[in-house]
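So that you can tell them apart, the chains are marked A, B, C and D in the order they are listed, and the count of residues begins at 1 in each.
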């Protein structure tokens, strides 16, 4: 179920680099009766990565209601369970930018071993909350993402 | 740790009647690694009871931002664990109304056996979100509560 | 982003029938600062649907640790936001059964209008928690699913 | 509603010292439709503080099922709202130890300003999960707590 290039797949390796990573603080009730971190909680980890990524590229804190994208699609591969005492991080990069949407690749890894626990692909769509319609990704965002990632899309 | 009157305590028994009760739909990730419903989740059950109580007494759905009270204090006695397959309900009543605050008594019970699982006392304070100051409980709310509970405070 | 057959796609329409549906009880803290139900909470709704589906086909309550499948993959299309006062239900059906895995299609709909809010495809894999290895889907489960869905896979 | 000694209350000041503090990583869905961190989420912050406190005094990670205390009672004073961009920490200390129970005082503070956001008092009871009965707090725990806090109880 691994969707990332292997280390010998040199052609695309460069674009698979995650510049953004933050550790995740696990909470006791992230686990469920099976003793694993519950699958529904992973999405809040990816949210954490996204929020911090956006804060980083924009160089400022996101105002609480100043969000002009919505999540249209996610797909997630659960590779290995996460336990309460694991030290995990979520890594985030923008993998593609279109006219009205962009794609994120994210993954949850063990901070010590680098083991991949879960990978996620998210499509976010520009959205105008006043008119309830989609809108283009602004040039300002595009520039900020390209600057951060170090390449154009 | 039971804070309610026993059945033989006739003097105050009448006021201990809970007219409002709603079943709680448990979710798999309400449980934690101990297999119990996690203590932090109980507060969302009490929220559920409160919201439905307020909707009921006001005779209409609460608009999302049309909330003019804040929670100032809660105290909770955990009496017996709740498991995923339990069928529980949360019961709610207003136990006191002051000038700028009112108190709720709530409890979580097994719907079949009536067993008390948890009891909660909450103090809510009238709050003006525009000025960020406390404000009196409106006569409209007071009337609605007294009408519903069937007695004055 | 709709991944289900349209009404004129007669060929596959029959298999798109959802026999299993349960209403979802929304909680106040399911919403986030945008006023919508947060995307991460949807997975707990799908969990709710899955648990109830499995309980139904097996004709008994699932014991808390008596779960022999894990979630390997999910993909989710978010079609329309869900608000606190919406009355939603989650619908669930098994769409495919393989040797060691099966697929679920689920969707969240408005109970009153039938509006599709979100659709989800999940791959679950048979898993032996003692040996930490995948295992085949038992014939007992296969039979129960086919009996419930009314067709073979 | 402040339940801690003021700075001029010299008599008890010494015991009000919190030696244990950990920052809390806020998640987007900790907020609710009011834009505040939802009251029910605070208990998971206090859980975080407790878990880390216990790990610290025992000098090792708590095994997931190796927990021999249950929460019997909490009372919480909500003093000021917490917003998504606040940098908060949870502080924890043991305030009393009895035969079969001990008490924790905890508070949530702004890491930068020291502003007190919320205070919590928790009673935990020694519990034997095999026999489902209360049990004494072990001398081992008592010693570890006294060693950490630097005084006897």
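As a convention for this text, a residue touches a chain if its C-beta (ideal position, glycine included) is under 8 Å from a C-beta of that chain, and two chains touch if they have at least 3 such contacts.
Keep in mind that this is a model prediction, so the values were computed, not measured.
Two copies of one chain, chain A and chain D, touch each other, and the residues they use overlap strongly: the shared fraction of interface numbers exceeds half.
Relative to chain A, the chain whose mean Cα position lies farthest away is B.
Comparing chain pairs B-D and A-B by the number of C-beta pairs in contact, the larger count belongs to B-D. For this pair, chain A with chain D, the centres built from the Cα atoms lie 32 Å apart. Spacing of chain B relative to chain D, judged by their CA centroids, is 24 angstrom. Computed from the mean C-alpha positions, the centre of chain A lies at a distance of 38 Å from the centre of chain B. Among the residues of chain B, those touching two or more other chains are numbered 28-29, 31, 33, 35, 38, 40-41, 44, 47, 64-65, 84.
Interface residues of chain A facing chain C in the complex, by the touch rule stated above, are 1, 33-34, 38-44, 47, 64-65, 67, 70-78, 81, 129. Put simply, chain B touches chain C in their complex at residues 24-25, 27-29, 31, 35, 44, 47-48, 51, 61, 64-65, 83-85. Taken together, the chain B residues at the contact with chain A in this complex read 28-29, 31-33, 35, 38, 40-41, 84.
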